[in-house]
Amino acid sequence: MFYREVGQYKTSYAADQALLPILQDRIGIAVILLIAFVAVPLTASNFALDSVLIPILVLSLAATGLNLLTGYTGLLSLGTGGFMGVGAFACYKLTTFFPNVNIIFLILCSGFFAAAIGTVFGLPSLRIKGFYLAVATLAAQFFLSWCFIRIPWLYNYNISASIEVPTKTMFGLAVTGPTASSVTRYLIVLSIVAALVLMAANLMRGRIGRTWMAVRDMDLAAELIGIRLYQTKLLAFAVSSFYCGVAGAMMVFLWLGNAESESFNINQSFLILFMVIIGGLGSLLGSFLGAALIWGLPIVLRHAPDYLGLHIRSATVDQSTFVILGVLIIFFLIVEPHGLARLWQIGKQKLRVWPFPY
Amino acid sequence: MAADIGALDTFPKLLLHHAKVRGARPAIREKDRGIWQTWTWTQLADEVRVLACGFADQGLKRGDHMALVGDNRPRIYAAMCAAQCLGAVPVPLYQDAVAAEMAFPIQNAEIALAVVEDQEQVDKLLEILPQCPTLKHIYYDNPRGLRHYAQPQLASYDRLREIGSEAAKRDPGFLEREIEKGAGDDPAAMFFTSGTTATPKGVVLTHHALIDRARAAAEMEGLTDRDVVIAYLPPAWIGQNIFSYAQPFATGYCICCPESAETLMTDMREIGPSYYFAPPRVLEALLTQVSIRMEDAGRFKRALYRHFMDVARRVGGAILDRKPVGMAQRLHYALGDLLVYGPLRNVLGMSRVRVAYTAGEAIGPDLFRFYRSIGINLKQLYGSTETSVFVCVQPNGQVKADTVGPAVRGVELKFTPQRELLIRSPGLFREYYKNPQATEQAKDAEGWFHTGDAGYLDADGHLKIIDRVKDVGRLDDRTLFAPKYLENKLKFFPYIKEAVAFGHARDRVCAFINIDMEAVGNWAEKRKLAYTGYVDLASRKEVRDLITQCVEQVNADLAADPELAGSQIHRFLLLHKELDADDGELTRTRKVRRGYIAERYASLVEALYAGKESVHVEAQVRYEDGRTGQISADLSICDARSFPPAAAREAA
Amino acid sequence: MHLLYSIFVDPFMQMGHAPDLLVQTLWDGLVSGVLYALIALGFVLIFKASGVFNFAQGIMVVFAALTLVGLNEHGVPAYVALALTVVVMLVLAVAVERAILRPLVNQPEIILFMATFGLTYVLIGLGELIFGGDPKVMISGELGLPSGSYRINMLGGYVQLQKIDIAAAIIASLMVAGLGIVFNRTRIGRALRAVADSHRAALSVGISLEQIWVVVWFAAGVVALATGIMWGARSNVSFALEIIALKALPVLILGGFTSIPGAIVGGLIIGVGEKMGEFYWGPLVGGGIESWFAYVIALVFLLFRPQGLFGERIIERL
Amino acid sequence: MRLKYLVLGAAVAGVIGASVPASEALAKDSMLVPLFTYRTGPFANSGIPIANGMHDYLSMLNARDGGIGGVKINVQECETQYKNEKGVECYDSFKSRHPLVINPYSTGITLALIPKASVDQIPILSMAYGLSASAVGADFPWIFNPPDTYWDGMSIALKYIAQKEGGGFDKLKGKTIGFIYFDGGYGREPIPLLNDFAKEYGFNVKMYPVPPPQMQSQSGLWLGVRRDRPDWMIMWGWGAMNPTAVQEAAKTGYPLDHFIGVWWSGSEDDARPAGAGGKGYLSMNFNAVGANYPAIKDIEKYVIAKGNSQTPKDMVGENFYNRGIMNAVVIAEAIRHAQKLTGKKVIDGADMRRGLETLKISEQRWKQIGLAGFGPPIHVTCADHNGHGSVYVQQWDGKKWVKVSDWIAPVKDKVMPLLDEAAKDYVGKNQPWPKRDEPCDDKTL
Amino acid sequence: MTETEARAQRIGAPVLAVEEVSLTFGGVRALTEVSFDVREHEVRAIIGPNGAGKSSMLNVLNGFYQPQHGIIRFRGREFRGMKPHVAATMGIGRTFQNIALFRGMTVLDNIMVGRNLKMRGNLLQEAFWLPAARREEIEHRRAVEEIIDFLEIQHIRRTPVGQLPYGLQKRVELARALAMEPSVLLLDEPMAGMNLEEKQDMCRFVLDVNDHYGTTIVLIEHDMGVVMDISDRVVVLDYGSKIADGTPDQVRSDQAVIDAYLGVAH
């Protein structure tokens, strides 16, 4: 309905292959970015920033990472939490070694460590597929969790076995640590996420994205037309882990401010996987929708009774949240097994052909 | 009476002019290889220069004819202009014609040189080569599949360009000289009329005629070089040629060629033409699609659509005509525009259409009003090949469903006692090529062109066409019988694709009906009605009942019109096959050839009038792959209720 | 050098020095292996018949045990509670079939996998809502399960066998035997085997797919209950058990997703392997390697036999 | 069809989304005391009684006395599931509502909140958990962890063992002490002190880490215990790890009266599942067990009997329930102190900090509030935010806990240097760490 | 010069040959000492009854199966067995009996994947969408559009292949193989399951490919009429062994073939 596309024609391949070929989408994204970068920082409360938006953004990035691997390359991984942890601990060590280097640079760098580790744990993918691979990645998850506690060097021998985020400044403004304002951290997270997602979108529209999807859709055929499976799969593991690693580093440095091994446990991996699947495998947008739903819903549910004036015990609310979340997951899968992103796609398609049904 | 059209009196001169003043503006866009490849006016002029030199080198001379066979492609239009540069006359031929149909024009015009699109056209020309000894050169645009063709006549378009560029290098001033030699009164192009009856006639049109008419209409509609037209009808048809050659050359606007027939809708949606032409058949097909797709929509959308289409029917036309409409209604319409009309225009690719024309045959008033009501400025125009199209055009704000508007600047109209329309205009053709007898018949000594259409001017001076003079008939009781009017009324129902009405010199009106396979098929699926194919579907009782309802509604409408109340349809049958141009039942422009049909299906007509319940037919049909087969079926004949005339009812 | 010694020599020396501990380790490994195998068995049953990778198997173990204990806490006699729990598992199977499997039929595996995640959440939430989140003590005594242990002096030391572990092994064997009979001797069993090959084949046996799903989910539920009782008797009944259920996953890699003998043998190998690993090699890296050692065993194994323990070599076709 | 669901869903989400409450206006007539609890998740068994105890005692004060100093206490629970992210979310949701004090009830959450406390001016009370080093008031003005640190606990455990072995620490020489711990920050914290003592007094230490996923599967580890035959076992366990360890110990045949758990491994639920085998298991404690106190009777009367509590009858008097009460007592007493110090009725976080910093609960005071002998005397000062109170050892008799030792004071002179060093280490690693500029209150009440 | 002569002239020396290739699967013999060669620019058909080992032969040719015995000669190089990506790199393209398209991707993307071997873009260039990546993408898009145009699939360019009818999917698969610019194209039953019209189209496309790009074509086909029409030489397999080899006419009149194949034809 709002997609009035008449007159949007492409006279060059560059325009035809643009990320957002439809004008309305470009406007939409521009509006969203404007809101995210300007309106939100001006109006949102600290609670909204700290407990809703920053977590959603960070988790979206992790979900994007997993989506690159699972949704685009078809390799199911349950090691996301571990890879996020690698990023977080790497970042912590980097801040120790290079205390004067810009923290944002270090956060991004820590992604490379995660990528390296991810590649190593991606090696089994050369021989095994599907759920077998998923179980193999669990090995990564548990092994890494174990390392995070068992190698005290990683957390600078802190007695608490946890990593504490030091206060780092940029242009005289505290960026990390307790004194950094929510808005600052939010803007940094937003910028990093936006940039990395843009890069992911670029990758997905180019050669690499296509080879990944080819491997996902039919790896044998892909091999026979000259795609080297092991390179492709390992690259997918590396890039995916890079994203997870950066997300992990941001999670600690720009969101929680502190973390220990348990912050990156198996449940974290599952949570990210939920986000990806509920959001939509093979959709970058889906990663955001999934993260927003899986993270946001419990918060909404938690505060709903207050708002509605009901006095329900917090534990009951939490238990009900589990049930509701579970039911919703099943419900969404039944309504649209391909996730929220597909729902959006369908909705968009409806709007494009409105008033027709197809 | 030739109006002065200034110094730019030929198309080649216009081309050079555009290349100079708006060289960087797009002249032609073609969706090719996935994107809209753009030819600017400069590029077009360069291409034309090379081609013209090539043609000259190959022996094309002033006054020669050159054949063009192909779809709307920039190169076809470039070749057309290149020929004109040399003073040769391009003869566009229908690309979907069978080989045999091409022989006559080529022989008639002694064509030596042809530019064709692809292997398909090459094959056709090679097939008739023995009958057309004059044909010496065939240039093909797309070399696909032609690699091993060894005929000496064949050469590729690219080869022609090579020859041309060399020639151009040898004599750089050649083209300008040749163009200078051209004058407005030179023949610009020759179009063969599709010839519903006799052999085709080559209509010779001068530069002057085409340019004058193109300008007259462009001025009237305020066309500029910013307008965009989508070229999708055969270039051999004068209508398309006017819109995709004469008018862009006159005004400098851009034409766009779709990628293929399958992608036309998408391509049109992408390009968003601002100036659009469609014969009623196309508009009808679009509306049928709209109706079908809306039927598939959910209940809410259907209700929304129905509601707002109601609003549109009431006030849409008036708003478009800038007539006074109440504020509440305007708001209501604006809401509809947001929710329904705007999106509808968008999916039809017509959001940007400023001016849309329909012509070629009478358009059903409901169909016509539909487009106007959703805010598309659809207007009727009247014209023919012989008149360079523009005779009458409905001016903005004075649009009526049943007229074709007043005469365009420069046109004089008058009527014979038999109500035949005569025309005198600067756009009139020069002659029928090599057919002085026919020329004489059509164009009298005073320069009046006899159209063969029956009509009259209404109170506002708008021309109203009833039918062909020879088709307008009378029932036994002298009641007026205008078959096309009835057929159009029937065809407005999405379920009816074609209708043929009989009644002249009979006691009542009967009709053949072709159901619309897509629409009825859809309808049947919704009712879980299984069917195997067209014949089966058409023989279903449910379908007959559906069509009976349609016919009865037409009858009810007719009853309200005192003049036509007597020509209500009493009986009809659903034909066992779809009428087809390949079987000669339709013209290439898909007009019903009523006489031929009446002859071919005489037994069916007799059965209708004999009051039989059903009739057995055996017929040969040609399948799409060219094979033929035998159909044998019993067709049921249905009776439709008729209604007393409104006047009678009022009296009662 | 020292490192190589401590990896390749020292552990075996230890085994030789204290053979009773070796026997004890093997026994403990076998016992936990039996429990892993039982969980894996539940997975396999469901995967074989419906192609669903049932992540909820772990929570079903907890849920079943919790229901049993919870009912007993509310005054229901133990055996009645046991029967009621079986009924609850049947209801669960029916509910799963209606609410998840049927609407999601023919969806990709990963979607069904996700749906069982959803089921996991629902069961966690329901379990806590109904029975509370606090851990409960398994009513092993009331159920007539033995407690205490046998102490067998041997090999210059002693080996201690928990009676409950022996019972677990016996019950597990009975269960496997029972399943074997059901699979091989009954109409449902034949249908089950047929459905593993092709859904249509199953229909020709005259049993609907839906019925088969209910049956396998119910069977998996009963297996879960048995597992829950055993494991609950060993520690207690709490939601933390769920994570133990993940141990069934390496078992599945090892044994294959569709092989019942694979699940059992795989379970035993993993159980013994990780206890041995923890006990003899764990101290090298500070212990606590049990959490991932099982996966390493499975992975190493996979590198040499990608098709798993009992899987056939896959010939890929195009 | 799907679109309809989407629209419906969006509408519902919109309605609910709008409902996230904006920060509440500062209530003038009550004092907000958020309680971070975990009644769900794998640690719920410990979380539930503690939450109930805290909630019930404060509710009792409201019901019986109309609050503290005439001002009602607004008790609000926030469910953390013992997860750090949830805890931080809880903190953020309360931050702007001016809470008096935060009770994270999780070491992980405490660690995450420590740096935030001074920035947001909200004191954090982590009663005998969290970061031991935060006892150093000079560096951590906003953090309080009375009555004991884990190092105190470890020193007491060793002191108890030494006593049982017949006297002083020198009796430990040549002994082997096994340390089974939750493999995380909490469990690892006492290790430095244990190693110090081992070095100094010449005993061996064997480590048995329990990684979180293995909490309920410890048999491999206990085989190691059987092999190493430690003379004593000390446990720093949590949640489902405790009962499993006690059961495994019983199975392995380890003498349970040589197995001491820290105060977080001393719940009835920890020992009960082992059945008869659990008899003899020891654990440290700093709060009394049992319901026979006037204050607890008041709770039963004013709160539980009125149906204003989730507490089942038989939970009252259990160890962790009483732990919760003790936590609530610390809060209530600190509020009282703050009110006296400032003269205000309704206090804020900064006032509360002062109250906590001058907290003193003497034996007498315990008696006054109807809990005679319930806990050790607590004395928090500006420099010492812990107090290093005494702890006693209790033993499971198969049905309940029985106190089997006197109150044992920690080895302060060993603990304090370690604390200072740890605080220095923490501050050093987290530069720039804010310098304390909150003045100390000289007044002692 | 007739068209047939023009074609015949183009056929050159053998480019691909198999010599005594044997392949077994766990004791089952799929191919037994099969030898034949394929000449430059020719259309070479492999026919035989079901289970004769035709697909296995193609799978050996492009390295998907490793033969236990025998050699493959390709452009003067000898291979004991191919590796799939080596075959692809050396210009052996392939379509499959059961369509092996990437179902989740559009027609355009599927064909673009076929260009993969020709593309050099690295992670960095693509992630930042640097001019190099952009240029390469456009350059290859151009090549792909030529193929789209060639196979007349413009109207489905943006359609996910999963939504296409069977016949079109086959065409897209051919397009994808063509995108590799193979010198030898292995077609595994390109016309299986098509109706008459689709078959005619496909025949035309196969011949056009052979003609226009000069691609050597090895195809397996069931429809004898089609095979005899379009191939230059035919190999007949039965039970994994070669029983005849020659021009369509020779093969047609070979008694062994008549017995083995035509005899059992439906």
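Read from first to last, the chains carry the letters A, B, C, D and E; within each, the first residue is number 1.
Here, a residue touches a chain if its C-beta (ideal position, glycine included) is under 8 Å from a C-beta of that chain, and two chains touch if they have at least 3 such contacts.
Predicted, not measured: the structure shown is a model, and the values here were computed from it.
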Chains in simultaneous contact with chain C and chain E: A
Interface ranked first by C-beta contact pairs: A-D
Chain whose mean Cα position lies farthest from chain A: B
Centroid comparison with chain D (C-alpha atoms), farthest chain: B
Central chain (by mean CA position): A
Centroid distance [mean C-alpha coordinates] between chain C and chain A, Å: 32
For chain B paired with chain C, centre-to-centre distance based on mean C-alpha positions, whole Å: 75
Separation of chain A from chain E, taking each centre as the mean of its C-alpha atoms, in whole Å: 41
Distance from chain B to chain A - Cα centre to Cα centre, in angstrom: 56
For chain A, residues contacting two or more additional chains: 12-13, 16, 142, 145-146, 150, 220-221, 224, 266, 315, 319, 322
Where chain C touches two or more other chains at once, by residue number: 128, 133, 243, 246, 286, 288, 291, 318
Chain D, residues touching no fewer than two other chains: 39-40, 48, 183, 209, 211-213
Partner chain E, residues of chain B touching it in the complex: 32-34, 144-145, 147-150, 259-260, 262-263, 625
Footprint of chain A on chain B - complex, ascending: 29, 34-38, 269-272, 290, 293-294, 296-298, 301, 304-305, 339-340, 342-347, 349-352
Residue ranges of chain D in contact with chain A within the complex: 2-3, 5-6, 13, 16-17, 19-23, 37, 39-40, 48, 51, 77-79, 81, 84-85, 88-89, 92-93, 95-96, 107-108, 111-112, 114-116, 118-120, 131-133, 183-185, 188-189, 192, 209, 211-213, 310, 422, 425-426, 429-432
Complex contacts: residues of chain C adjacent to chain A: 53, 99-100, 103-104, 107-111, 113-115, 117-126, 128-129, 133, 243, 246, 249-250, 252-253, 257, 285-286, 288-289, 291-292, 295-296, 298-299, 302-303, 306, 316, 318
Residues of chain A touching chain D in the complex: 45-48, 50-52, 55, 142, 145-146, 149-150, 156, 158-162, 164-167, 177-179, 255-263, 265-266, 296, 299-304, 306-308, 313-315, 317-319, 322, 335-336, 343-344, 346-347, 350
